[in-house]
Amino acid sequence: MRTNKLREIWTAGETAVNGWLHIPSSWSAEVMAHVGYDSVTIDLQHGLAGYQAAITMLQAIATTDAVPLARSTWNDPAQIMRLLDAGAYGIICPMINTQAEAEAFVGACRYPPLGFRSLGPTRASVYAGADYAQHANDTIVTLAMVETQQALDNLVDILSTPGLDGVFVGPGDLGFSLTGQTGMNMHDPMLGAALSQIAEVTQGQNRIAGIWVPTVESGQKMRQLGYQLITLSSDTRLLSAAARDSVIQFRM
Amino acid sequence: MRTNKLREIWTAGETAVNGWLHIPSSWSAEVMAHVGYDSVTIDLQHGLAGYQAAITMLQAIATTDAVPLARSTWNDPAQIMRLLDAGAYGIICPMINTQAEAEAFVGACRYPPLGFRSLGPTRASVYAGADYAQHANDTIVTLAMVETQQALDNLVDILSTPGLDGVFVGPGDLGFSLTGQTGMNMHDPMLGAALSQIAEVTQGQNRIAGIWVPTVESGQKMRQLGYQLITLSSDTRLLSAAARDSVIQFRM
Amino acid sequence: MRTNKLREIWTAGETAVNGWLHIPSSWSAEVMAHVGYDSVTIDLQHGLAGYQAAITMLQAIATTDAVPLARSTWNDPAQIMRLLDAGAYGIICPMINTQAEAEAFVGACRYPPLGFRSLGPTRASVYAGADYAQHANDTIVTLAMVETQQALDNLVDILSTPGLDGVFVGPGDLGFSLTGQTGMNMHDPMLGAALSQIAEVTQGQNRIAGIWVPTVESGQKMRQLGYQLITLSSDTRLLSAAARDSVIQFRM
Amino acid sequence: MRTNKLREIWTAGETAVNGWLHIPSSWSAEVMAHVGYDSVTIDLQHGLAGYQAAITMLQAIATTDAVPLARSTWNDPAQIMRLLDAGAYGIICPMINTQAEAEAFVGACRYPPLGFRSLGPTRASVYAGADYAQHANDTIVTLAMVETQQALDNLVDILSTPGLDGVFVGPGDLGFSLTGQTGMNMHDPMLGAALSQIAEVTQGQNRIAGIWVPTVESGQKMRQLGYQLITLSSDTRLLSAAARDSVIQFRM
Amino acid sequence: MRTNKLREIWTAGETAVNGWLHIPSSWSAEVMAHVGYDSVTIDLQHGLAGYQAAITMLQAIATTDAVPLARSTWNDPAQIMRLLDAGAYGIICPMINTQAEAEAFVGACRYPPLGFRSLGPTRASVYAGADYAQHANDTIVTLAMVETQQALDNLVDILSTPGLDGVFVGPGDLGFSLTGQTGMNMHDPMLGAALSQIAEVTQGQNRIAGIWVPTVESGQKMRQLGYQLITLSSDTRLLSAAARDSVIQFRM
Amino acid sequence: MRTNKLREIWTAGETAVNGWLHIPSSWSAEVMAHVGYDSVTIDLQHGLAGYQAAITMLQAIATTDAVPLARSTWNDPAQIMRLLDAGAYGIICPMINTQAEAEAFVGACRYPPLGFRSLGPTRASVYAGADYAQHANDTIVTLAMVETQQALDNLVDILSTPGLDGVFVGPGDLGFSLTGQTGMNMHDPMLGAALSQIAEVTQGQNRIAGIWVPTVESGQKMRQLGYQLITLSSDTRLLSAAARDSVIQFRM
């Protein structure tokens, strides 16, 4: 089975850089997969791609050695299994607030006896190799999103879920939960304290902490805190900002 | 009929800024249409969108007041008419090298007696208004691409084509034709001389010169030369560069 | 943030007319959005559009000032959040039979602390404005479908759900539930009594009652009863009837 | 090979009623194919469907016994052959103004030695039967559009083209060509005279005259003149009118 | 209402042959529906088609008299209802392990009072007839998948669910559950014993047993055991094997 | 620039095996690209894929080292250039009957000064490398289809076209042209003589002869004749035959 490069990076104690796809197009996905990210994630929660577009995006990513990930829309086993069958090498699952939710999430990602994933890796066995089913449980990455005060409170329990590789922080929702402010502010002290706490607790349990950040600077700071999967902005934000900047500069 | 904002800008002696769409997605098109371009062009020649995607992109652009344009794949009357029927407010046509080719192009864009466009503006009359057919000939913009030595030689004749609003320069192909080099070099003296000549001749005939440029700096220089439709890079290039830069900076 | 025209209509004590989309096409959606409806609803439950088509339909509606609504397939928070992130300005949710179900529905539509909607209004903030997240809770419309005897029995409790704007009646399912007959009969006395009761109770709680009706006549009658969101037939029914009538008339 | 019901209708001296598809959706196509038309035409010229959508629409029509036709975007042999390979049982070709154009059109529709159609009826042989290639030349219908003064002048020559089944009138373009007015007026005397002349000449040569009309009344009048393929409005016009009428009536 | 040919086959004590669709294309679906299967199933669980593609595949199947079935992704009432509304004549539901799960599944497939299916058979009433709603409960086939030891243990209870037509075996998951081996081995004795038991118990309760098998030989053996819906491989497996064989043979 | 494996095979005097795609799906394309073909061709002429589907199919092929080719619908420079820009590494062009047609075909495939291809390899430079434009003329394969008596008569002239790599035989059309029979018969003596002649003449001019064949046996025979690009059947034919065979065998 094709190895999961993210595991190799993490085993080496390194930090992976992750791209984030909101545009439902196999072409923009292919472009993003070629710029040098270690992994590229199709965000089905807040992005614009549905299942069918996601398939073609997974194919586009597979023209490179970037690791294909997906964020599911929710803790929905049917969707998670479909994404894995389609070749996603990891799932980031939103709104995991309790250990029970984490167990349900992991169960959908793991074949028995570790979980209850159904057998039928149609595209995955083409992408990864005919021995996919034997090695999938050791290869697929599972990251539970921590984005509420409740999840913070349950962090140790969540991290102790067997088969869970780590957590992934959505600073927008987490900051909103902690501060009541919708404008994501990476410099907010309450959010900052939580981000430090998550990194520390997660490392203490030998799990992986990942995060989405709006800027390179925030990403570098999170790397220093110990986050090992840094998601830099998104295709939509990068495109929008670059285009707007060029128009503004031209008109100056 | 909805006015064509490009005509107003040009009548005022101003320069319009144009976005360039290669990603076949209505979402990236909507994002691009919202950043402040005066017009946005779906490039069917070197972009990845076919006809069906172009329809949804024209709809996405129509959520803003950016003027929707299309570059046709070729001097193909059937395609040009379909794009106009779908609501494109202007056509940029590749590889117009002679006056006869310019006349054929313009003929496809204009209703009789000025041309031979067939009547049936299905979406255009929804986008522009029920009186579309009466005013389309005065509203739709037609720009012939000048991208070879032959076109340069025939520039005056091309510009004298009745119903043609102006020319549009593809510096990649033009520089290739003039210098034999594929790497587009906006600083090449032969190309530079040609660009100046085109601007001068076009202005001398009271027509509009447009151009595609890779950078804001080139665009500002072209504005100084008198180009009045400046296309700044493309969605794919902007996205690719922004994403690659963020990865490189993060890893520094 | 762009206002929700439906709220203005209702505040003025007026009745809104709603279009209903079953054809999975951005073109038919654009046509429907241009004929004068106050709002247009993409019906994901009994219509033929899935998520990806719904995006392009929301974009098509956004070329007009008709308010874009969606009927979700079910009381599914993941789907509801995606539709809101994509710019729907209101959700009609099927089969709400208890207050607990109504609370779950409203929770998916509202940001904390009123609900548990996740933050990430990717297209919504382009459609509605950068301040979307601050004002969404006051702008998005939530309508719970009353379509069973059980829902009727729980109507007062359902209507008292904080954050719920009102109810929406599916007379097909409701009549089926009350009478056991599948052929929707707007003149059935049991259904008629229920429709009156719903209008009365809803108005008594200062909430909005909406309904789907097969004919203009039924719609006008419902308006008299106090319904303030009248959905007139559907694109498929209108098209099918108009086409069939023209064939029959021609052959007479 | 599956017979072409249109030929049977015409042989019996009857008139066929034709539906006209502008909405690029297999669902609206299926709805239209079920209302009772003898044939249904995918209009690729002024409609919104491209090739890929047309395939699914041809499949949807094939769930009924309505004859699937297509109007090509232009006199383009590559596209015409693809539509036939995909199972279209007849082609309506725009803007045939001379006999040479008619011969080119027919050549694309007929296998050698009558034409130059390439062999490879991939879907057609599934739709029509394994013996498709032997009988296609006798089954496929070819109709050349008469929509200019020039075509009128050349009508006899056009009709004498071997393998051409008849002509099809686009009253919008024809009226525009004759009167210079874009607003299609079926009561214009010049257009009326031309419509009579076309019917008479075509019948005199034992060919079929078809036409598009905006209303049932116009269609019945054209049937009296001898037109044997009457196209009644279009899906978009029928839908738009029915929806607009219902909104207006409701608000009265 | 159009009859369900599967019921006729089963009533006659015969065995039906079922095709299995993993390729998300209406063209491959149409090809498969034409080769002689009694029914054709769109597998939404392990196949690559999402909802929108499934619609066009259901239309393609409807060009033949093969019975259109769907395997849902999960025991998800919203999706099951949508597939039925789109014209599926039967649902195969994964991972039914208890009677309660079977009841929930059947409830989504049956109109009241037998279930809680919502009324709105938009495409189904076009495919099946205007009287669809009256007869759907007697026509639609419901098959619960037995693919775990737990389901085996609960088999009698599952089969006694009112409105359930039978069970469908996924030998991959079932063998995995019984033996812990991922490589599906139809000759495994434990699996073999279970397959015999399921057939026997199901027949004893006058219900239908269906199964997926990888080869014709396995299928014939299962027919002898009493299975009455035999699914032979899948489009993807058939295509892949045939193509690979031809390359290997050519190179020999 | 990524090398063209076909050139390496041919330089080594070997024969390449080519797959043929008629199903408009990136999934079936990916499956086909994984079974061991040296190259895989998207047939836009008689297959069901349009431009947009072809893009995703080219991406799917690019997950393997099979060489992506396309058969264009016709000798249409605009389409040919788009396919090359999208990453096709060779074009098979239908119905080349004269040297002039061959020159026009080659011109569309080659950058100046060898041809008139426009510069803008948007996806090609991602697939092949940033130096694509410098090496494309030496890398892209051009094969002109010989499928008529006229082409046979002009074979030497066609083969002498500068920049043309060889010819590709369509035995269906060629046999039809030679014998007047539509049922492709690879054992027909007239066709056999022509196939031998083409191989001999082409080898004599040091060019490549390719061909489509219905069976492995025919392919092996053609390899013996000297054909160096053997296309074995098509996805649709392979799938249809394998599925039909399994149903027939099961019912025996």
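The first chain written gets the first letter, and so on, giving A, B, C, D, E and F; residue counts start at 1 in each chain.
Methods note: contacts are C-beta pairs under 8 Å (C-beta built on N, C-alpha and C of every residue); 3 or more make two chains touch, one makes a residue touch a chain.
Remember, it's a predicted structure, so these values are computed and weren't measured experimentally.
Contact count check for B-D and B-C (C-beta pairs in contact): higher for B-D. Under half of the residue numbers found at the chain B and chain F interface occur in both copies, marking it as a different-residue contact. Sharing over half of its contact pairs with D-F by residue number, the repeated interface among E-F, B-C or B-F is B-F. If each chain is reduced to the centroid of its CA atoms, chain A and chain F end up 41 Å from each other.
Separating the CA-averaged centres of chain A and chain C is a span of 34 Å.
Residue positions 22, 24, 27, 31, 34, 48, 50-52, 55, 123, 236 of chain A are each in touch with at least two other chains.
In terms of inter-chain touching, the protein chains here follow a pattern that is not a line, ring, star or complete graph.
According to the touch criterion at the top of this document, the contacting chain pairs are A-B, A-C, A-E, A-F, B-C, B-D, B-F, C-D, C-E, D-E, D-F, E-F.
Listed in rising order, the residues of chain A touching chain C in the complex are 22, 24, 45-53, 73-74, 76, 94-95, 147, 170, 172-173, 176-177, 180, 182-184, 236. If you check the complex, the residues on chain B that touch chain D are 50-52, 55, 77-79, 81-82, 85-86, 111-113, 116, 118-123, 133-134. Remark: chain F residues 17, 19, 22-25, 27-28, 31-32, 34-37, 48, 216, 219-220, 223, 230, 232-233, 235-236, 238-244, 246-251 touch chain E in the complex. Every residue of chain D that touches chain E in the complex is listed here, in rising order: 26-27, 30-31, 34, 55-56, 59-60, 62-63, 123, 126-127.
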